[in-house]
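Every chain is named by a letter (A, B, C and D) in the order it is written, and numbering of its residues begins at 1.
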């Protein structure tokens, strides 16, 4: 629609005070700072408040099904490796409905960046527990409080060998912008969980609640992001302190694309239409 | 069919030399040793070679859909807490198709025991890569070799806070029997991954290959199974050495059942049919 | 018939639902019948939503398009709904809510926010002021509403603030009552009727049917069902669990049902799509289960907060392979309640999945109904009695029988072990691969279809006198059809109604019989392709020609439908 | 017509498939037509499987029931298949393989294992001995098989061992040839025909159609498709990926297609069930995709290695909400190839999902066909040319058009950005919630249905002379129907055939026209409920009465079907 040379923000359907606004701004500023043109960028959301983000920034976008952003992103990247693919998922979207894709997308280590907007609640469906909701958190569907242990997306990612595992906070745009840029630059799968207060549906984990607890990995723990064990331990921290920054980073893992020889010849989508010879050869083998 | 007082084994459709035979024997012996009557036991499989196990032992059994053993097991346990529920999954079944349920069943910490027969391959479908196949492992569908990082089920389970995480080996029945008993005794979700050579479909990870690499956590590392970080580090080991034994054990986590007040009144299935008063009361609230 | 149509418009977060609910329930307590619909965008704050009530001294359960009273809580509501007012209608608005503070007689300025502030409330209490103003305007006995507020907010500070705001609105309206508006709502008598949504009726029906476990994954418009049940865990002795996804939801419910416990799940079309493999599993394993599909407009995410009847073909055919299933499509809250009971009984008797088709319109709308009659609630099961099972020499889970229904037992019910299997299997539940067993067992399962069909009471049909026209529909449009026919008949244009509730296995013979000499038949559906019309054509050969289809995500309005049928309004 | 039916029986793991393949391909190279089916249990070792070939000097692509030659690699095969032999047929067996070492003339003892051992092979080489023996028995030119072995095992040690074993069997059979058996297979001429399975034809069709990405999750009988393509990644410039589950498989393919690359997935019914939500997504987002459903008997896990045609209704209606789709059901390997091309073209032109229905019978059977004619392969797309797009002032992904088809572009094709959305949306791809946009966009999408139907060539129909009977079918039974009709006609019982390949949108008019004055119509389907029969009744009003349904997981046999139709054999 819009000409793909500059980013425009659009009117959102988010609530006043929502953490998503800062994330939207940070994404825009990061892409601009990196000189990525809108035409080169594909923003993908599942379904949820977080996942509406792609509609609010003028770049190529896909709003797909709830939980399915990652396989779509994987396919799109395979189809056109010239694209910078960034996915935006809710905590429910990515860790709940899409949990299996989360695991396996990390295993593939395809070069996409995923922002998980973690508000510890299902926002769009009006406030049920999410996989990262605190134990005991009460909602309309969990009136006695959540009875399952919350999961840590970053800890899972570290366990799966993800090469870039970070956490940001919607209340710290400067850091978030730097994390997004680093995530996009990282070759391979990058996970950035973003703590995103949801004033409408989560009255327990408020902006203030997070603010009090958030600690920077570097300054608080002198964290060495090449230490996987330390990354694991700190990714499990939640409650008294909530670490933000880069948990783990390693450039060792080869990307999925780099393991597919034919992808070295440029984007699949640009391949010329030349099937006749190929098919003829294959036919020959059946004779 | 059979009278539920003793266990009979039945003719299997497994290949000669398959690791599953030892697992079947170990399960039978464990249940017998624990004096669990077949009527009290519900064995659940998804679909795959491993998942056929429930059909081969005369206890209550369910062979359900590929990947769906865990939610069915969860529901069955909620429905009747008097049952000892044990699930048998392949590595594909549990970590692939059923990966999302694996994550969330652990979070719930319901009192079921899950054996993941890990042969690092899809056996029943004739030899494709599984999520735990070694990088580079070649199959008919992966002729250039597997291009994704294998996952460690035990490491994931540790990251998710599972209270009983162990690994056994089909080549060591004595240990396996003890792990199964401990797993069943553990209150809450227990994961026992069993290294299960598949001579027909995995010629790379053979019995000998495993035998050479397998090391006991206790004797090799003096492993302290209450140390979650150590459990995590060792659960990631694979290749030169493959640890077996109990990675992690903690009795701290409350079970899911114990958090549901009404389940304290005995199995749901035994509740008397007395809905009239209840419904009348609820109707009243709408008037 | 004395009736009034009230529309409350505002943004998400302005408390439309609680205001509308209070208004409606107050009138119900005063002996009126209230039907209310909710219209919302898919957002948590802002946007434009409305809650619309129709109040009548006669039983009604359908909506008319044009309001007598519009309460505009924001500017957009003025712009949207002022033009919809009937002549003689009135707009209640706050100056802030509109730039047009004109002097037109149908405009009644009420300083909602100011009065809310004066009575010690915040902006959200504007809706209580507005409520009070409506009551004042209608000269309605305020004590009913006051009492209701006390019940609803029992023990909370909100009671006083809300009552004060209510009173302020009431007094203001009584003082400044505009001359042009003379409508009143009187107290008829103190009656004991329920005021509840379709979702609540569904949930209550499940409880009445002895459902003990529900797992679900949140999805509009179905979430209200698990929400209700989760809040009755202790009272109703039922366990609810939010699953990680719909696949887990249906498979947990399957597991619990296998364990012998009546279980259910609910979702919308997109979630149901994820349950399709398990639907087929239910067919193979013969484990009973009730699945509620609360339809919304598709395809895919579609219009998540709106209504449609477009999953009929989908649920009838969903699943690989061939197996028996039942589809029920209740037409109102009352049918929803009894259909849930019937759903559990059919599932249990025939060991099949039963899909109950609701939609956003049925789920979210408020109905006025007599208290459900629990003497009509039976418990029908194919579970063997435990003592009988204990006495049996042997037990075959999938015993081949004349009816196709095998005696069911659950694990640990007796010494007999129970095998359940998704493969083709023999009578005991062992996997089998030979042709003879396959044929035998497949026939056994499929035999149930005709047995189920035989229990189908057939479509409901209503006519009075000689009818030149029949309107036909299914599911949630029932009341719309009936009132439309009634209105047409009153105008001398006698119209019959045929309504399908138990729609699958399709009541072929009954439908044929009913429709065979009908000439002028109009199928009315909330979808774009006329699914019932096609179903009728397929199974009765009856190719009626007229279809009135609505697929903009909004429900039919009785008055509009009357005009459409008369040919005065383009559908 | 000179023909021979050969059945090789044995356990899983005994190399039935490679033996059967070698046998078949050798005859094809010698100018014969070979059709072969595979019958296997769901296990890796043991059990009882067979591979059955029909060899003819005339084109054939269907099976007959009774073998002329049985090669029994184990005892069970003797017991199972000896009784099936035609009179004058012969059983090749190893003493070890049977307790009955009788002297009956139709028994020919060949020491498979002993000869294998003598020629330096292991137990698995018994099948090569058996092959050699068949060739010897039939006096067939062994050089053809020798050459084939050299090609197949090029550079491996296996070449010599296999050839030695082959020779040993050949010599043994020539020496000890039993008197009673006089059948021979001669070399007709060296022809260039393909010998391939339905799955291979499907995969080749995808390559010819410019498919560049396939993701799938293993599931019998569909796995052979990705297996073939995965092995051609470099040659065919295609990426294949095994997904973590079917949901990922279809969503990856969706993502790649959205990126502008022709993509596909394949699965069986149970996997398709998991893709249903995405099917609806394809409808909403208008992203083209080809999905192959290789049917097997359901419900649920059913008979995983067997065949059935029971997903027709399912795939036609799968998905919540209403949207356009295409269903193709090829009748043989050749149609499978061209249908894949057509599937990609239709998906691309109309921006809809196309489901190609195959089944275990079509997937696993071997066909003899002329090399595919690539001049018949066109490339039809709705993708905008890049230069055209670059010149355009603006771009609307979902532009409302007469045809319902909007101009398609892919991300980073030009400066125009591309929005894709699963919600209801406006022409640019923004979420929209208002009634007008909904109606406009929904109509736009649904408009495609009639356009697609208009391109449907209709069912294929064949008759010669006055026909008193028509047999009707769809999908993989095509060749069975044609040969059955041919046989009946030869007997003076003139029989016409109607076969549906492009089955959805249903070619209503064409079907009506074809069937309207047919009197004696028999619908033949590999399912239990007669799905095509019902579809025909629903859309043409034509209620034919006879149905021959087979649902034991096995395919129809021509000779049996002939008798069934004549009423001599109970179905």
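Note that contacts are C-beta pairs under 8 Å (C-beta built on N, C-alpha and C of every residue); 3 or more make two chains touch, one makes a residue touch a chain.
These numbers come from a predicted model, not from an experiment.
*Asks:* Can you check which chain pair, B-C or B-D, has more C-beta pairs in contact?
*Replies:* More C-beta contacts join the chains of B-C.
*Asks:* Give the label of the chain whose average Cα location is farthest from that of subunit A.
*Replies:* D
*Asks:* Centroid from C-alpha atoms only, then distance subunit B to subunit C, rounded to Å. What do you get?
*Replies:* 41
*Asks:* How many Å are there between the centre of subunit B and the centre of subunit D, using C-alpha atoms for each centre?
*Replies:* Here subunit B and subunit D have centroids separated by 37 Å.
*Asks:* Report the inter-centroid distance (CA atoms only) between subunit A and subunit B in whole Å.
*Replies:* Distance between chain centres: 30 Å.
*Asks:* Report the inter-chain centroid distance for subunit C and subunit D in whole angstrom, where each centroid is the mean of the CA atoms.
*Replies:* About 44 Å separates the centre of subunit C from that of subunit D.
*Asks:* Which subunit D residues touch at least two other chains?
*Replies:* Expected reply: 41-42, 233, 244-245, 247, 270, 277, 281, 285, 300-301, 422-423.
*Asks:* Residues of subunit B touching 2+ other chains?
*Replies:* 47, 63, 65, 96-97, 99-100, 103-104, 131, 144, 260-261 - these are the residues of subunit B that touch more than one other chain.
*Asks:* In their shared complex, at which residues does subunit D touch subunit C?
*Replies:* For subunit D paired with subunit C, touching residues are 41-42, 247, 268-270, 272-274, 276-277, 279-281, 283-285, 295, 297-306, 308, 310-311, 313-314, 316-323, 422-424, 433, 435-436, 438-439, 442-443, 445-446, 527-529, 534, 537-539, 541, 543, 551-554.
*Asks:* In the complex of these two chains, what residues of subunit B are touching subunit A?
*Replies:* Subunit B residues touching subunit A: 95-100, 103-104, 106-109, 131, 144, 147-152, 155-156, 158-161, 228-229, 232-233, 236, 253, 256, 259-261.
*Asks:* What does subunit B use to touch subunit D in their complex?
*Replies:* Counting only subunit B, the residues touching subunit D are 13-16, 47, 49, 63, 65-67, 96-97, 99, 122-126, 128-129, 131, 140-144, 200-201.
*Asks:* What residues of subunit A sit close enough to touch subunit D in their complex?
*Replies:* 1-5, 10, 38-40, 42, 47, 52, 55, 58-65, 68, 71-80, 82-83, 100-101, 103-104, 260-263, 265, 268-269, 271, 273, 275-276, 278-283, 286-287
*Asks:* Going by the contact rule at the top, pick out the subunit D residues touching subunit A in the complex.
*Replies:* Where subunit D meets subunit A, its residues are 192-196, 200, 204, 207-210, 212-213, 215, 232-239, 241, 243-245, 247-249, 251-261, 263, 277-278, 281, 285, 371-372, 374, 377, 379, 394-397, 410-412, 414-423, 428-431.
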